[in-house]
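First chain A sits with chain B, and in the next complex the same chain sits with chain C.
Up next is the complex of A and B:
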């Protein structure tokens, strides 16, 4: 079937949910809106309906494999890789949507986000991220990237009491638009080369072409600009400068959303592009991507040392980790792809765990802003302190935790591919990175605080699950890798 | 007399794209000018798509350019809204005032 609605079932249900919430919002009194975004029963209904829809989608694509391939005339891909990408995005986003049942709601209010539209906008970002992962056409890719980015611009600007928020919004808007324009410019030249905007014909076209693909100027320009656009969005080294200001100007709950959801979706698009249509071109740009990744690993490690602000620190950490995520992709082997997705999974889980801890805490009625605000956490809330430390150690790559194993896999892949110097450089860079995670841990455990730290209700169960997942990683890493491998076979 | 061909339109689109980039990065005065430059960026790509559609002689590229125009309008609306929020705080839309966050 060409038009198969089942392949976009999660997106459809999210769009319907956001439209319903908008309609409900129109008929609400202004006072009521600020008190609670949507009623508990309503948001529970949304969760349950979405769960059923997503399960149906998951079942049909992953298990019964009935609608495998492409739908909507090749515009939407529906293979197992899209499923795994959507599940990852969902894990990353579900905690931060900010519906009434969400425990981060208090942190949202404390950050000064009092607009009713906030959860609706985050649902729309989720739709955009899902469509980005599933896109198999440059037109859909562009529209999905815009659908993902436009609500994010508004979300960041929606803290009405903070002037930093509007500044961060302007910066994010300008750089995000430039990135989309780059992607489009590249897509235009690739369209000129191939005469189609669909990804699938490119693979055959590049494979069976008689002339050398490296000598076609349109193809080269197109591919170069496409990659540059996606890398601006990912904040890889030379294009990273926007991310620090944007993250610092946003609230913690927003950064938790912003640092995971768009980046996961764009990494999956990169994987789809580099291993589907443009596999022939990967050797051409491989050394550049490799050294850009090494540079961003080094820069993210060195630049973070003197940072005081916790979100700015995490922005540097994200530049550092994006390097690790893209490095295995740039190697160009099938194992590299698996390891990249594995690293992305572990990194997302550690980030979520850390942010659950940070957003549940507040000092003098303000959200945690500086690293020194975490002082005295060990005295007051030892359980949160230990679980946050597990997440930080996992970032740093301390042996029994998940972060160590995925870094080890990246190193192993690099050495297998014969890239000794990059391995040595990033090994030293990750030693430097351990230092600034240790600074945070020193503040948590060993420094005395002047004012008292307090906490809201915290989703301790989720934090415990994430902590145990990170700690017991060796037990199930084989099965995780096997799932990823299984999902990638069908790309 | 020289006929205006494919190459000319490609150069037009590319030059407009570069002008848009220059407008975003060299501009030191006004955020509004940046927004206009972003529009130029998107619309130059639209020219490129129409050119390539004519070159390949099918409609797909023209449809894409219509989508680009629609999205560019949405983006301009969001950008102006953000700019209004910024103006409420700063009473100015100068680009020097967008420099509080540094570290």
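Up next is the complex of A and C:
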């Protein structure tokens, strides 16, 4: 029992840290009225402690492979795929936590987020995302989805002076609740079918029973509802419309968090479901997911053309890219899952690089809001302009960059599976998508600005690392794919 | 799919609807009616239940309501735990202790934040 705690060590340390910060912060706030965030030394201590804990977890699960399988009576999965998912979520989240040591802290303050609870809430989202990745039971999945959604609602509404903030928060709350309700409803049907909520017996049940079982109504309805709930959370095409308003109403630092962390964790849950319990059902659901993905790729490309707001544009880009992430999963092959994780990694890195640039810039003391606010970036800060352009070109899939190779892999998998028409459609759609990335690049390089851009301290080191990863991708794409393959073998 | 399993539910719905309708109908047909203003007024403690426009309602009521609900849910969680304590062993006992400890931290937070002060 006590050694099982090692499998949830990162979550445990985050929960302890957030409780500690909550109590320390509230006593500090009592002493002096202006809400001061947690001190620099303290947050550094949290970083170090969490680093040690996460390394211990990483070592035990990935390297020594001691606690392979499941813990807490099969509720929590602890295999290498959870490790790779948690590392990806951690990379995506670590810059946007909002602690005082973060370089984005100035951007957080500029957005009007003055409550000291903000970093604590983001730590709780991180706990929820970790648990979502590690969940091996429908009830844990539901709990973890709620655990990562509830702090996000509060985070989005935490800009007291902005009206858009509460509007976005309410919209996100309503759609998030509907999504988790769908997940729970589907899980209830699946429980009615199988008599268990755990994923592992499901895999055995579907694997060893005869073909006619798949035509069971409860199983189909349950699986469909589950998928719909997760797709609302991912903003796949027919369920995407919440994401534009929510992203537009949030601050840039919040969108950087919101666009990556929940989506990565839910993609990993989807991979676990498609690879484990419902592997036998993939042929049944494949056409639906396939055409929904194609539709969201097309919609995300076409709808983004007229957008002026940078966060709205990224919301469309997210709808576009999530189609590319789910397409290889829908094929149902082992390579498809690897390529999905590969695409997710590259997409996340490009997003982080772009957001490092966007959040560190400001114009007249305001955060970057419109695409036209980026005008004059090339004149004032050419280094940031070049690195952000690398990220944008990687989104667009321009050849030497990482985005091109991962798109190529998606196309290769689709053609290998014999899906010619979807491939042609998404190829045309991604040509359309290049256009709006080029609009941003035109604003960065060729337009003159009326007012001057300024910048905070920017994490050039991280931006350089991301830029070089995206630029030199062919050098290590084989090893990245091998790591992903290695991690998936143990699921 | 076995549809006859649902026969008791159908019977239950039919009987419940029939019984409710009968009771309402009998009291409507046989009851004496003598309405006057005081009798028609709903019995409430101090409030006028129906007003034209929504009046000002202090936000602190919501806060107290939410805090009440949290601790009410905790009580609802404690009862089944207390009943089944003999079966769930030490792990179950300490899980609840952990839950209560986290809740206590939340209580400290809300106290220090001033959520319990009315002024």
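In this section, the second predicted complex is superposed on the first by the 479 of 491 C-alpha atoms of A that agree within 3 Å, B and C clash if a C-alpha of one lies under 4 Å from a C-alpha of the other, contacts with A are read in each partner's own complex, and residues count from 1 in each chain.
Criterion: contacts are C-beta pairs under 8 Å (C-beta built on N, C-alpha and C of every residue); 3 or more make two chains touch, one makes a residue touch a chain.
Quick caveat: nothing in here was measured; it's all calculated off a predicted structure.
When the shared chain is aligned, no partner comes close enough to touch A:279: not chain B, not chain C. In the overlay built on the shared chain, the residue A:164 is in contact with chain B alone; chain C does not reach it.
Looking at the shared chain after the overlay, A:398 reaches neither chain B nor chain C.
In the superposed model, A:24 lies in contact with neither chain B nor chain C.
Chain A is touched at more residues by one of its partners, and among chain B and chain C that partner is B. By the document's definition of touching, neither partner reaches A:6: not chain B, not chain C.
When both complexes are overlaid on chain A, the residue A:217 reaches chain C alone and has no touch with chain B.
Considering their complex, residues 1, 19, 22-23, 26-27, 29-30, 217 of chain A touch chain C. Listed in rising order, the residues of chain A touching chain B in the complex are 138-139, 142-143, 146, 150, 153-154, 157, 160, 163-164, 166-171, 173-174, 177-178, 180-181, 184-185, 188-189, 191-192, 195-197, 244-245, 248-249, 307-309, 312. Those residues of chain C lying in contact with chain A across their complex are 1, 91, 102, 105, 108-109, 112-113. Listing the residues of chain B that touch chain A in their complex gives 10, 13, 17, 20-21, 24, 31, 34, 38, 41-42, 44-45, 48-49, 51-52, 55-56, 58, 60-61, 63-64, 67-68, 71, 74-75, 78-79, 81-83, 85-86, 88-90, 98, 100-103.
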